[in-house]
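Shared between the two complexes below is chain A, which has chain B as its partner in the first and chain C in the second.
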Partner chain A sequence: MEVNEQTVRSATRPGGGVKRSSGRALRRKRLLSAWLFMLPLLLVNVLVILGPSVATVYYSFTDWSGLGPAEWVGLQNYTDIFSDGDFWGALGHNLLWTVIFLTVPIGMGLGGAFLLSQITRFQMIFRVLYFIPYVMASVVNAALWQNILDPDRGVGSVLANFGIPWLDGVSFFGSERLALPAVAFVDNWHWWGFVVLLFLTALQSVDKELYEAARIDGANRWQQFVNVTIPGIRATLVFVVLITIIGSLLVFDYIYIITQGGPAGASEVVGTLMYKEAFGRFEAGYAAALGLGMSFISGIIVLVFIYLRRRGWEI
Partner chain B sequence: MHRPLSRRQFLVQGGKVALGAGIAGSVLAGCGGGSAGGGAVTMWSNLEGAEAQGYFTKNIERPFEKANKGTKLDVTFQPPAEIDRLVRTALQGGEGPDIIPTPGPAYAGEYIDANLFAELDEYVNQYKWDDKLLGWALDLGRSEGKLYAIPYQLQTMLLYFNATLFEEMGLQAPRDRDELEGLAEELNGQGIVPFAAGIGDEPAAVEWFPTVFWNHFSGPQALYEALSGETPFSDAVSVDAIELFNSYVQKGWFGGSREKFFSNGFDALHADFGDGKAAMNIEGSWFMASAADFFGQKAGNENDWDWAPLPPMESGVPQELYALGIGSTISVNARSENTDGAASFIDYLVADKKRAADYMAAIPSAFNSPLPFENGDFPGSMDERVRRQLVSLSQATDKGNFGYTNWTFWPPKSTVYIQEEIQKVLTGAMTPAEYCEGLAGAFSEERKEGLVPKIIKPGA
Partner chain C sequence: MTSVTQGRRSRREPSKAPYYVVLVLLALFAVGPLVVLLFNSLKTSAEIGRNPLGPPLSPVFENFSTAWSQGGFATTMVNSAILTVGTVVGVCIISGAAAYAMARLDLPGTDVVLLYLFVASALPFQLFLVPLFFLWSSLQLTNTLIGLIIIYWAIFSPFATLLLRSYLVALPRGFEDAARIDGATELQILLRVILPLSWPGFLTIALVSGLGAWNEFLFALTFIQDDALKPVTTSFNAFQSNFSRDWGLTSAAGIIIIVPVVILFLLLQRRFISGLTAGGLKG
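Entry: the complex of A and B
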């Protein structure tokens, strides 16, 4: 450390040429060390991210079936996307999914976090309970709810035994009308507890004196929530909105496990469609184009956030 | 379940082998041959269930290693629903085991086109597969005259019924469409679901139904003409079959309602069938492997099951008709460094009648080698219903009364079309005519590319 400081001081003095060059050597050495430390991670990234990404871009311009040689087809796959009714249907479901997840879990998360922040006893128990579904495997959660919502053996038939017949025989995952909201319900069940914890952590950093000041000014609970809580957790809120939008565009697991996009495409999203194109219809080139299309849309959303932040938005 | 051979059986079997297939080659092949190239042979298997996998390890894998000193067989059991994707990914990356399964000849065709499977013709002569295996089945593994895949898991679609329920209600298995529809009406009226059915676990399983209605309504001759390109799938005879299937679904005969048909999982629908909440089940011969899980003491009921051939639904269709299916093929990886060892094991697994019969008796319908079996070939331990099915299939095929399952005789993209687009017909988003028109288009494209598997003429 001492040597370093001396070197720096010498380098700033007039006539200290030798010392200056030894300073540059030291900086180069430091830079080299840094790169050497980063190299393994960089190699892993090149292998598992950059390589496949470049390959995906290439294959999106081919008619590759997933096996054997690929023939260059130019922009054909991209133009096909525009006339593919299945794609637009699936994208519509992604947007509906986004709307659901921008409202239901965020609303529940805000409400849950606000209510939890008001209690001190048993708060940890509730936090753990809310968080458990999030750490459970999606396959387990899905199987659980498939049984609970089974039209003949699930909660509907149990309620019917108690004289509440309106859910009896309802096939949530087999109805074109209900399949997508039903899967969204299951996904939300696992997701919202995580959102609660994010908001709760953010709430705990809001200055308590602001609430006190608001109360003195005559603000009720709702006004405190709108005028103190929301601005206080704005950064977290924006973060949750961002990951919700991107997550909704890339959603795959719960839909694939429960309905595989059915019935008749009623719960199809672009992720499941892409999987079917690649591994079912053997159109890996087209699936690559679909994947890049979705990455492009996600990229635009991220860029919008970055742009707004640079424009001074506190997000 | 495995019954050792008596001395008499041994002599009879030994005599048959020696007389039927030539002395030296067959004896070598029948014993595992000791002709494996040595070294390690890796294999992926789609065999499901602890009992079946245990049988395979104990009665196939280890005896093969014992008979072929120096050869180590390394078998990995992969989930059947995932195995094709895993194979595809592995082969694409230049990897994969020596012995590779596919879900049927249509899928194998894709790998053959991509030069990923080794040519097996030298082993056809070495192991006399042309003499041993059913010719039509072996032809399905050929491309441009060369053999690349050995088919197995010979299967067909059947009408299963809850025999106890039928006996209690004084019912009999239907023999024509009128009887089938009358039975369905009667059962439905009594609150019993006519057919246990559902595609919640595997949406692709919906393909069983177009297969059944095309074979037993349109008939094998019409199917042959469509598959050989003489007539398009958009002809009325194909459209009407889909109309009929759709009408049964809309009536709630399959699974209780259209929505339940979409969401019922296999365990639930089979449990309903075993408990008598549903009376019949249209499914492949593979159901015999798991029927015991849903009937009798093990399932907590006192019911029993039986099967009957699916009835003709239109005049001119043979009374006893079986749609032929091949559920799996096995091939050797073109990159295998031990092709001799892999071929030796394929012969050991598929082509020995005694070994195959024992395997088929112990684990019904999980294997079903395409060999020309006769009643006496099966061990006494075999379930009578399983034996009857295998013998009936063999006899009907001999008479030319066979049809075509779409997962065997249709090319891959047409198969996927059948699986995926039929749901749109059931929800009303597409008419049967539009569905068949789309299929005709997809099929025609694949036909031009030479992807349609070889087809045998009905009655041949």
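Entry: the complex of A and C
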């Protein structure tokens, strides 16, 4: 909001008492056309994102069904959140999700990118293949894995035919214990290839002579990876960690599509909970408080990151 | 090239074969499920029961025509095409104009606008979805394609503008200055000078926002309930729950949805990858 205020102020400032020379008139014309060119962007942004975001702040203090007038209830929604067992359960799942995504795709991404950076032949083909799941629609990816992981007609039954019975009849998405990790597995399947390419781009900008120097000093491949590669790609690594944490706090798509938070809330996250509150239970005020709360937490994380960077942390 | 020269330089350099083994395993993990999807789209329900993941022994192609008609693809494909084209055209205009203003017209407060765009491109849907829905219903924009397109303009244009701006900043200014001296207006300069020089930047943002619109789920789910207006994604979701046991059909429907995207991606993969990973490079 503050940002927009500043934008408006700087927009209005230069319009005043500049009327004399033709140079100034020309400058003013340029300024006017500059703002004219910005106008469509600002309009749709204010209408779709900024305006409703500000409205969320207001509605989070109200009891509102989404229809009709909203009734001011002060901090009621927020105190309700604190005593809402569903919320704490969902938040716990968000944290588990964060742990999974901070380890598995980042590990696969680093490993995959490192291996790719060491080869030249077929590198392009691998890159393209790893990236394909990322460009596919989430609904198709979800359906595809629901098919493969089906308890009766999926990979479990095929393995059972080969004498490996452990996965036979296991309902990955239907079990309270497995639903969340199983959905995370599907989401990760479409995500890790993207992480590989982020890391690969970073790796390719690491100075080759550093590896040469490390090799001369007798460093083996693992030592090169730890002492040359990781520091060289630190900025990208931190960026991926950041988008992973925020993405995990706000995750919605795959969970909603595959399990809708079930069974019995076993894969519910705050994103799906908020969606149900708003559009299933018509608790739009409560949903606004949930949405604002999660956005607030992710905003804090970004600010901490920026603050640490300003303080001179090399991240 | 470096690996070849390195190999020659030191005999002790270990072989790259283990690397390729791991890379191939990863490739199988990425693409194997897609192959299963393709296999299953060519099987009858009965065959999937007997042979869930393997290649089809007697391929049937009827799944595609059945899925096309049962899934209402004649309608939903058109809807998705309208959404995608509308989004791409709009984002190119909106972001093109904004990026031009910032890169070339000495827009005052560019730093603030840039910061706002960074923030706006990262704002979570949770922050604005609920009031936006009720705003859109009061404006009667729910259950309209243009209503959804406007939302896509707003969510895809900040990132596209940042990308285009960095592209425009790097272009030499000489041509425009010459055109300006000849008395061209800013719009003429944008259309006749900048556009022909910066089309790769525009192509990139077109691909990124087009892909986003084609695959988008959450906003389409929330804002379009009318079956006749649903895009392929949410329509597929409903189709899948109706025919959940007929994997031949749902697999064929899935293939229909991803084929245009995958083909376009394979044709223009460098540009897709550079555009989609551009956010990461700024980190």
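One rule holds in what follows: the second predicted complex is superposed on the first by the 282 of 315 C-alpha atoms of A that agree within 3 Å, B and C clash if a C-alpha of one lies under 4 Å from a C-alpha of the other, contacts with A are read in each partner's own complex, and residues count from 1 in each chain.
Throughout what follows, contacts are C-beta pairs under 8 Å (C-beta built on N, C-alpha and C of every residue); 3 or more make two chains touch, one makes a residue touch a chain.
This is a predicted model, so every value here is computed, not measured.
Asks: Will chain C clash with chain B on chain A after the two structures are superposed, or do they fit?
Replies: clash
Asks: Touching A:G66 in the superposition: chain B (first), chain C (second), both, neither?
Replies: both
Asks: Could you look at A:F279 and tell me whether it touches chain B, chain C, both or neither (first, second, both, neither)?
Replies: So A:F279 meets both chain B and chain C here.
Asks: In the superposed arrangement, which partner chain does A:A264 touch: chain B (first), chain C (second), both, or neither?
Replies: The answer is first: A:A264 touches chain B but not chain C.
Asks: Using the superposition on chain A described above, determine whether A:F173 touches chain B (first), chain C (second), both, or neither.
Replies: The answer is first: A:F173 touches chain B but not chain C.
Asks: By residue count, is chain A touched more by chain B or by chain C?
Replies: C
Asks: Contacts for A:L50 in the overlay, against chain B (first) and chain C (second): which applies, first, second, both or neither?
Replies: A:L50 contacts chain C only, not chain B.
Asks: Between chain B (first) and chain C (second), which, if any, makes contact with A:R153: first, second, both or neither?
Replies: After superposing on A, A:R153 lies in contact with both chain B and chain C.
Asks: For chain A, which residues lie in the overlap of the chain B contacts and the chain C contacts?
Replies: Residues common to the chain A contacts of chain C and of chain B are 66-67, 150, 153, 279, listed in rising order.
Asks: Report the residues of chain B in contact with chain A in the complex, numbered from low to high.
Replies: 84-85, 88, 91-92, 110-111, 113-116, 199-200, 203, 256-265, 268, 272, 412-413, 416, 420, 423-424, 426-427, 429
Asks: Looking at the complex, which residues from chain C come into contact with chain A?
Replies: Answer in residue numbers: 1-4, 16, 19-20, 22-23, 26-27, 29-31, 33-34, 36-37, 40, 48-49, 52-54, 93-95, 97-98, 100-102, 105-109, 112-113, 115-116, 119-120, 122-135, 150-151, 153-155, 157-158, 161, 186, 190, 211, 214-215, 217-218, 222, 232-234, 236-237, 240, 247, 250-251, 254, 257-258, 261-262, 265-266, 269, 272-273, 276-277, 280-283.
Asks: Could you pull out which chain A residues touch chain C in their complex?
Replies: By the definition above, chain A touches chain C via 3-4, 6-7, 10-11, 13-14, 30-31, 33-35, 37-38, 40-41, 44-45, 47-53, 55-56, 59, 66-67, 108, 111-112, 115-116, 118-120, 122, 126-140, 143-145, 147-148, 150, 153-155, 157-158, 189, 193-194, 197-198, 201, 208, 235-236, 238-240, 242-243, 246, 250, 252-253, 256-257, 270-271, 274-275, 278-279, 284, 287-288, 290-292, 294-295, 298, 302.
Asks: Could you pull out which chain A residues touch chain B in their complex?
Replies: Checking each residue of chain A against chain B gives 65-69, 146, 150-153, 169-176, 260, 262-266, 276, 279-282.
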